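Below are two complexes that have chain A in common, paired first with chain B and then with chain C.
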Partner chain A sequence: MKQVLLLVVYACAACGQVNYTRLLEAAREPRNWLTYNGGYASHHYSGLSQINAGNVKRLGIDWVFQARSLEKFETTPLVVDGVMYLTEAPNNVIALDPTNGRLFWKYEHKLPDVTYPCCGKVNRGVAILDGVIFHGTHDAKLLALDAKTGRKKWEVQVFDYKQGYSLTHAPLVLKDKVIVGVAGGELGIRGFIAAYDAKTGKELWRFKVIPEPGEPGNETWGGDSWKHGGGSIWVTGSYDPELNLTYWGTGNPGPDWNPTARPGDNLYTDSVVALDADTGKLKWHFQFTPHDGWDWDAVQVPVLADVTVRGRLRKTMLWANRNGFFYTLDRATGEFLSGKEFVKQTWASGLDDRGRPLKIPGKEPNRQGSQIWPGVQGGTNWYAPSFSPRTGLFYVTAWDDYHGTYFAWDQAYEQGKWFAGGGVKAPTPPTNREAILTRGKEHGYAAVRALDAATGKRVWDYPMRDMSESGLLTTASDLLFSGNREGHFFALDAKTGKLLWSKYLGGQVIASPITFSVNGKQYVSVAAGTSLFTFTLGQLAGN
Partner chain B sequence: MKQVLLLVVYACAACGQVNYTRLLEAAREPRNWLTYNGGYASHHYSGLSQINAGNVKRLGIDWVFQARSLEKFETTPLVVDGVMYLTEAPNNVIALDPTNGRLFWKYEHKLPDVTYPCCGKVNRGVAILDGVIFHGTHDAKLLALDAKTGRKKWEVQVFDYKQGYSLTHAPLVLKDKVIVGVAGGELGIRGFIAAYDAKTGKELWRFKVIPEPGEPGNETWGGDSWKHGGGSIWVTGSYDPELNLTYWGTGNPGPDWNPTARPGDNLYTDSVVALDADTGKLKWHFQFTPHDGWDWDAVQVPVLADVTVRGRLRKTMLWANRNGFFYTLDRATGEFLSGKEFVKQTWASGLDDRGRPLKIPGKEPNRQGSQIWPGVQGGTNWYAPSFSPRTGLFYVTAWDDYHGTYFAWDQAYEQGKWFAGGGVKAPTPPTNREAILTRGKEHGYAAVRALDAATGKRVWDYPMRDMSESGLLTTASDLLFSGNREGHFFALDAKTGKLLWSKYLGGQVIASPITFSVNGKQYVSVAAGTSLFTFTLGQLAGN
Partner chain C sequence: MNIRVGFLLIPITMALGQESNSTLVNPFNSEADIARGEQTFQSQCASCHGRDGRGGNAGPDLSTGTFKRTSSDEGLFQIINKGVPGTVMPAFPLNPGPAWQVVAYIRSLSIGRRNQGGAGNAAKGEKVFAAQKCAACHDASAPDLDGIGTRRTVAEIRESIMNPQADVPSQWWRFKAKTRDGRSLAGLRLNEDTYSIQYRDGGGNLRSVLRSQLASFEMDRTSPMPSTKDKLSATEIDDLLAYLVARGVR
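The block that comes next holds the complex of A and B.
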């Protein structure tokens, strides 16, 4: 063997031919990772089990993809029939060989000089349907790319990006539709979710997160406050094909920290909305944080699982919210089944019978600063939780014992300008070892937390010294994979939370791990720092 | 074990206490990597042998350091008594734990907005002496940092950076001196090598690569051409303590491609100079490419080895030059012992008895373009070669069957401006798989090449499809480590060139690998892309 570089000829006759049926039955092909959230129910769970508690210590880095970007690397790849699709910030789409990292193609989207990202020119991934890759951009376009070549098939302008709109999440495809929402909650946008014809890019429906005058819900906005009400969409929703409902978490109201500027509940911000997948009509909604003053986007992944609650098997939705509470909802009706705080919180005395928080007066942001738990990053955030049908547990990356001091001030809206109406003094999560070492209690800590899906009761806890913005992955071998901000990637026993293995990757994990299998060999991939690392079981001695 | 982040308390009482005696005897402590070139003789050879041909297949990535820079990552770390020191472009110095990558300290040098790098704001490493780290910067400063804390002890301005001067290589320390040279060969500088007092930063001597009027050698520059004659220094030299000579390779004359603008041999460009280490006085010189028109810097690492040449053991210097010839010199006198082309070259019919090239007329750059072999990157370049005292072989990263078309034009010097007097049309080395696949002969190829040290005769060859800018490392277990531009890092059998192991790192290797040992465990480190990867032998199954 005289040449290190063994070139693989890229010849997949039916490249990326994932039809809707395959997406519906994604759990039947755990060798692939077909949607951002690992299937319509968004379990971030894989049926693969080759890597298990007995051999995970042999897990090693098989290959590395290095992004040419110093932006936060938030991508969750797809793997489809021997091709991995991922995004590189800001808006490049890459197809490569998931067994060795070699590039098949790269699509580079040219952005205008100025776009309006809230928090970095990040991107979280793509969707695939019938040989086409779908990707949202910072200039608020939805792109359709040929999965085999990366060539653009069509693009549509979802909204005028100059008004602060952008697309950062992976689209959701279902039936013949591509569904996306718009980011820009700190820029005075009015969020919406829209469906496009996957073949043509034609818009099919649009759901407005901020109802306009005359529409139900607009009455929850005092005065003209609805005009720049926020309610952004920046994490991919879920879908229940039997109910034909698609579920999306919505962002904070705007301006973030000055709720007195927008009297009322501010629907449908900080909510989950259940939309008819064919029409975009609202079937039900559940608002986690009415009249939010703390920037607690409900942009969590809606986890759909059938769970026995008080003796009755229910079609539930499991939701650990940025506001610090875990909720079990009936996903057919939106009925609140149970709720419980999963981290320290000091803003509500509890939830009422319908799940509405019982706010403690005087906790809202003000001129002097109001200190409450949790801090601005919330009890959790957008990082994907996981549900394992094997353990029946809901797993979440939690930030506990973590507070912030919230300030409010008056602010007028200006197009393209930051429109937050306040600020937060947070104990900055430390990024270097010395600071972490001396941090102590006042900065809080992150934990991977296993909750009883019906009650939110804690089953086990894996606290870390460092914070974590990593998503979670569970497998049929009862492993749980996650990472943290310092740059560790690790595997826990999903039944007990025991640490089984870890690897230092030198860059923060702000993404969700996935697993897949090619030619009978299981791989695990995760983005950390500016690289995507792919792991396999190492060789035995002598092999 | 409940916390992934295990913080190691950094408590080395005698941090970085490497005195001159230890540097002289660096080969006695192969657990460390004490100088950029792996000892004063610059063998890039390690006495470690735990990782060997029998187990190298188990080599896996142990930890990763990710640089916060998209610049070329050309660092070669030092490892000293449990601390690794490396540089991050442009001029940050980092100390970390070589067993897990955790940061001890980071020194960030603030550069002016405008500096004058020729080819990226790169940096290649540091030197250490008596608890102090030495580092050269793009604004042409030499810094001394406390090895334990990273705090600056002193800095000196080596030259006015606004005139195109910068420091990019790792300093060389010997006795009580720190020796550096200046880069800027494409910016009309006049190169020099200078020694500074390690304790105070006081300049002790300076050797001018471009002699001034009245100095020997100035007569090799027609007219005023000496004024911007180039002769930069950008790779760390070597040292023979018995002869008390320090050897440095010098860069191309300026303007690069218009030799008619500078009649004469243009001393001491494209040469190796042997300097008295105490005074900086020139003991001897050997010019590889007199009156160079092709940008063939002699910035290779001077490899010092005692080799039997024609039956007699000689103190030799081994040198595979960018001009395509391999030279064996007597390092005490500069006597030419033997020379032989090691890649295809078409500019000289050979070397005369004193090693001077017999140039073929009409090959120099001109208005129409002159096509010759090798191309502008040369038959090799600055990437460290290796010499193994076990095999007696000299190893080099060679670019073979590789050509360029060289153009010349008149150009006036302007301060801070590119001053090259021409250009080169090169078959751009391909960077993506498709191009590599279809490249064919016309682009040439890279190879790791093993040469007989006395004759330059090829002993074995490891050709690659991709190009390589990687340095080499050999070990006492007869392994040779190198990488390539596509992002592979690999191990060959140093005796036969057989490929034993490789790993895809996703970013080009433009650095030299090192090896070291901590607590009896051998590690190998190499920079690739924007990360430094450190490898160890993987665990056996069941461990």
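The block that comes next holds the complex of A and C.
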């Protein structure tokens, strides 16, 4: 009995609560996965190395969590001191034992009959701070749940969901704040990013992605087009504590495919915005695709890394964009350092010396259809890239030789209705539709692609037969984990791209893998199909 | 309008005297409803399903008159309102009237319906089908022709008969391969991924092969189907088309 008591005391001393200091120093405790993007710099990199190139062949399935939901399973879990927190579509939050998959609690959020997510009732995860789990919902609420009980502590209505707004991404917590943005870029919303007091839910600041009349940037919208300008937020941003800047990628302008309806650059859509974390004030912005007509959201994970560019160590941001170009930016100032296409693209002849694309005339969507590379899902999309400080390489899930034919038409705005102003025809569907795959060259292909972080030059490539919507994970043992639409989950050598291990899970991976350790044993987890699979070394004969 | 909307909330199949099949029948089925349904479709559905409803990028072809997830008007109505879990098809919370009008419009796109009334004689066409020995392939290894008249327009079927090489979809490509240990493989590719190929060989056996075992791999993108261009008269082709349009439609 005494021993048991001692064990309990020890366990609690080791765990404590996840406070801001622990989040700042998350890299020091690789046994946990404390934020959606694997740390404020969003490297999707783990310091764990028990699973390595020599033993990864012994990786086997340890346990499986089966979601009670048929929706696309886009969750990336957190693991905190022996508890895993994940979401189940549409808006359930679950705490389970990461060593065996057994549930501790489940919070089920009751949604109205009608909500307005554009493309599936998905959710991507949660955040944790001081014993509280934060979660955004399809009816545009931000919830705070007690991490021990799953009981709701508070909720706030972020916006009126009936106007097409929803929350789908995992919140970002920093200092005493919870930061979220709103989705709805196909429903004529006006995107924003807002910070809330983590204790009370009180709104602290709000940054409007679409500036209103009188605000800088509104002049980049012809007429009243700013009113339904889109600029949604649906993937978690990053944070640089030294600069006190939080970085977020913004979504497409609306209507998606009819740019003539909104003359101008359409700021701050398709951009990365650097906001003062205390005030939400814009420090700088960089727009990847001004006056976009192809639905190329800049909703990618901002990867923050210090990289030597042309002989000088810089605080950079690495960004493989949906528009087909890879960018290296100075993250203190937003200065464009270098850029290069990383997949086949036919809409721009290049980038100018400030990183602005040199658009080829006549490529924008029209009534008859305009065929462009890349297709609507872009050269990559929201699936998390990875940066390994060991290899210095930037890794991305790329869609290459992939095209679409883009149509434009006039469309009037109606509240709660689709507001896209056009459409796309393409041989490759944006998400897995069929169980059968018989591909031709017209379909393109996906690859895990390793790029030189300073120049965007390709270092190695792991091509796949089908497309992939999987995020990436690298480890201190130079493994890279990823999955794909075919239903495979696999490990590559992060230095060379060589395949080291693969397991067929039978359902597409539309999430990022994570790794963690409990009682000295390393695990790897990934959502595939409608289940979350967790792997360890040496389990189950036959794997 | 409000009266009609209220009306649909009642299980009207009873009122209409239908039996066992207890699904709702579309009460918005006039020509005017179809026209309004088209307007809604163009605004809300065409981005993904295409302006012509024959499929786009995200959405499947809706012109076949048969659907993967439902066969009833009520089922289509429900899909519009609730979406399809696990896909990018969201719920479109339209009012009941406009949603039913979209159903009416989708039904009007039905190729099978539009294919009716051709010049040919189906009974004579069946004889042409037998004489040309079409079934020798189409009953086994070539595309299933049952219901082809709901999936393809008459013009498209005519093109396939006259010029089989014009458009051979990738699921009908055959391959030849040699393994590293010297075996020859050939067949119709049924499925594939990064590591393997599933196929049916000449003997009808279902097989898998790992790409890593192959020394060579060659894809034949042509169709083995002979052209009937110079073999059949215009009348015979019309008859064959009439037979194919009617074939397997229940």
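The rule we apply is simple: the second predicted complex is superposed on the first by the 512 of 543 C-alpha atoms of A that agree within 3 Å, B and C clash if a C-alpha of one lies under 4 Å from a C-alpha of the other, contacts with A are read in each partner's own complex, and residues count from 1 in each chain.
Simple rule for what comes next: contacts are C-beta pairs under 8 Å (C-beta built on N, C-alpha and C of every residue); 3 or more make two chains touch, one makes a residue touch a chain.
Computed from a predicted model, the values in this text were never measured in an experiment.
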Touching partner for A:Gly404 - first (chain B), second (chain C), both, neither: second
Touching partner for A:Val376 - first (chain B), second (chain C), both, neither: second
Touched partner set for A:Gly334, first chain B, second chain C, both or neither: neither
Partner chain(s) touched by A:Leu70 [first = chain B, second = chain C, both, neither]: both
Partner chain in contact with A:Gly423 - chain B first, chain C second, else both or neither: second
Partner chain(s) touched by A:Cys118 [first = chain B, second = chain C, both, neither]: second
Chain B versus chain C as contact partner of A:Gly201, first or second or both or neither: neither
Partner chain in contact with A:Leu103 - chain B first, chain C second, else both or neither: first
Touching partner for A:Gly185 - first (chain B), second (chain C), both, neither: neither
Footprint overlap on chain A, comparing chain B with chain C: 69-70, 433, 436-437, 463-466, 484, 486-488, 502, 530
Residue numbers on chain C that touch chain A, as the complex places them: 42-44, 46-48, 50-51, 55-58, 60, 83, 85-93, 170-171, 173, 189-195, 221
Parts of chain A lying in touch with chain C, wherever the complex brings them together: 69-72, 114-121, 186, 256-257, 375-376, 404, 407, 409, 411, 416-418, 420, 422-426, 428-431, 433, 435-440, 443, 463-466, 484, 486-488, 502, 530
Chain B - residues contacting chain A, complex: 1-5, 7, 55, 57-58, 60-61, 63-66, 68-70, 100-103, 432-433, 436-437, 462-466, 484, 486-488, 490, 499, 502-507, 528-531, 533, 538-541, 543
